[in-house]
Amino acid sequence: MTRATPERNNEGFLEDAWAWDPDVATEIAAEDGLELDRNHWEIINFLRDFYKEHEISPPSNRLFVKAVKDAMGEEKGNSIYLMQLFPGTPAKTACRIAGLPRPTNCL
Amino acid sequence: MNQLHTLHILNKTPDHPRFSECLGTLGPDDAVALTENGVLGLVASKALGLVQTYALESDLSARGLSDDNLEAATIDYSELVNLTLQAERVISW
Amino acid sequence: MGMLIIIDQPPYGTWAGREALDMAFALAAFDQPTSLLFTGAGVNWLRKAQDTADIEQKSLEKNLAAAPIFGIEAILADRTACQRYNLNSEAMIDGVQLTNASADLLGQYSQTAFAG
């Protein structure tokens, strides 16, 4: 049986963050041509925890980097590392894959 | 219990001028139903205890006030609707 | 010096406070030293155990807890307003500094802006 994909908005973000599961992440990542490895999952799981704790997505790229740095240190909390994992606008790409709402201040 | 004369539905904080205006008009057979930011009146104001006071449970919970020992009967939306039906008049502040 | 954002509006029921919080986060994103001051009915943002499930809004308590992560320097609360709203230290979220909202306090910041 095929599982129904949760409802998404016109930019591909989930309408309901709680409808997310890891299969959804794999599916959304594939649309961006991404195959998720350990490093991606580390950030995705961080974002899921962040959302549970704070009920917001990091509002911008800079704040996404700050939040990752706060949790995991300089090595992962830097824009080059995150850009390599999540091309484009890293906060948007990562939040989309992690099932979080669209970051409010990302153009 | 006396017939409920006027039900005052108050959704303003105690810092809003309409809050004290409402309190100034209360008659002995009136009741106050606190909704939205009006529920903050329960932690800030002493004058409310004079008439029967109700407060919406969902608005108390949102503001972290549901466990406090407050001088109001907590109600849900259907009970609020019932109150508006019982009252001769309703004022929404 | 830095920037002081003053929230004197209650949580929920109005968007003014939430917009001010967004502004504070945006300033912090660009490493502008930014602090938040809660006065008047605004101190009710700082009460613990806000459960917003039934009003179907995001919890401002949880949003605000992200402030230190995003680099907000301090969360200040006016002592008199806390007393007025019966908000003692036990009922208050962690990490709040009590102060007196006065001209002296505002004088410590190069810019001050109110919510709404």
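Points to keep in mind about this one:
Each chain carries a letter (A, B and C) given by its place in the written order, and its residues are counted from 1.
By definition in this document, contacts are C-beta pairs under 8 Å (C-beta built on N, C-alpha and C of every residue); 3 or more make two chains touch, one makes a residue touch a chain.
Predicted, not measured: the structure shown is a model, and the values here were computed from it.
Across the two interfaces under comparison, A-C and B-C, the one joined by more C-beta contacts turns out to be B-C.
Comparing each chain's Cα centroid with the centroid of every protein Cα atom identifies chain C as the most central.
With centres set at the average Cα position, the gap from chain A to chain B is 43 Å. With each centre defined as the average position of its C-alpha atoms, the distance from chain B to chain C rounds to 27 Å. Multi-chain contact residues of chain C (touching two or more other chains) are absent. Of all residues in chain B, only 11, 13-15, 36-37, 40, 43-44, 57-59, 61-67 touch chain C in the complex they form. In the complex of the two chains, the chain C residues touching chain A come out as 22, 25-26, 28-30, 58-59, 62-63, 65-66, 69-71.
Put simply, chain C touches chain B in their complex at residues 8, 10-14, 40-41, 44, 47-55, 57, 61, 84-87, 91.
Across the complex, chain A meets chain C through its residues 50, 53-56, 58-60, 62-63, 66-67, 70, 104-105.
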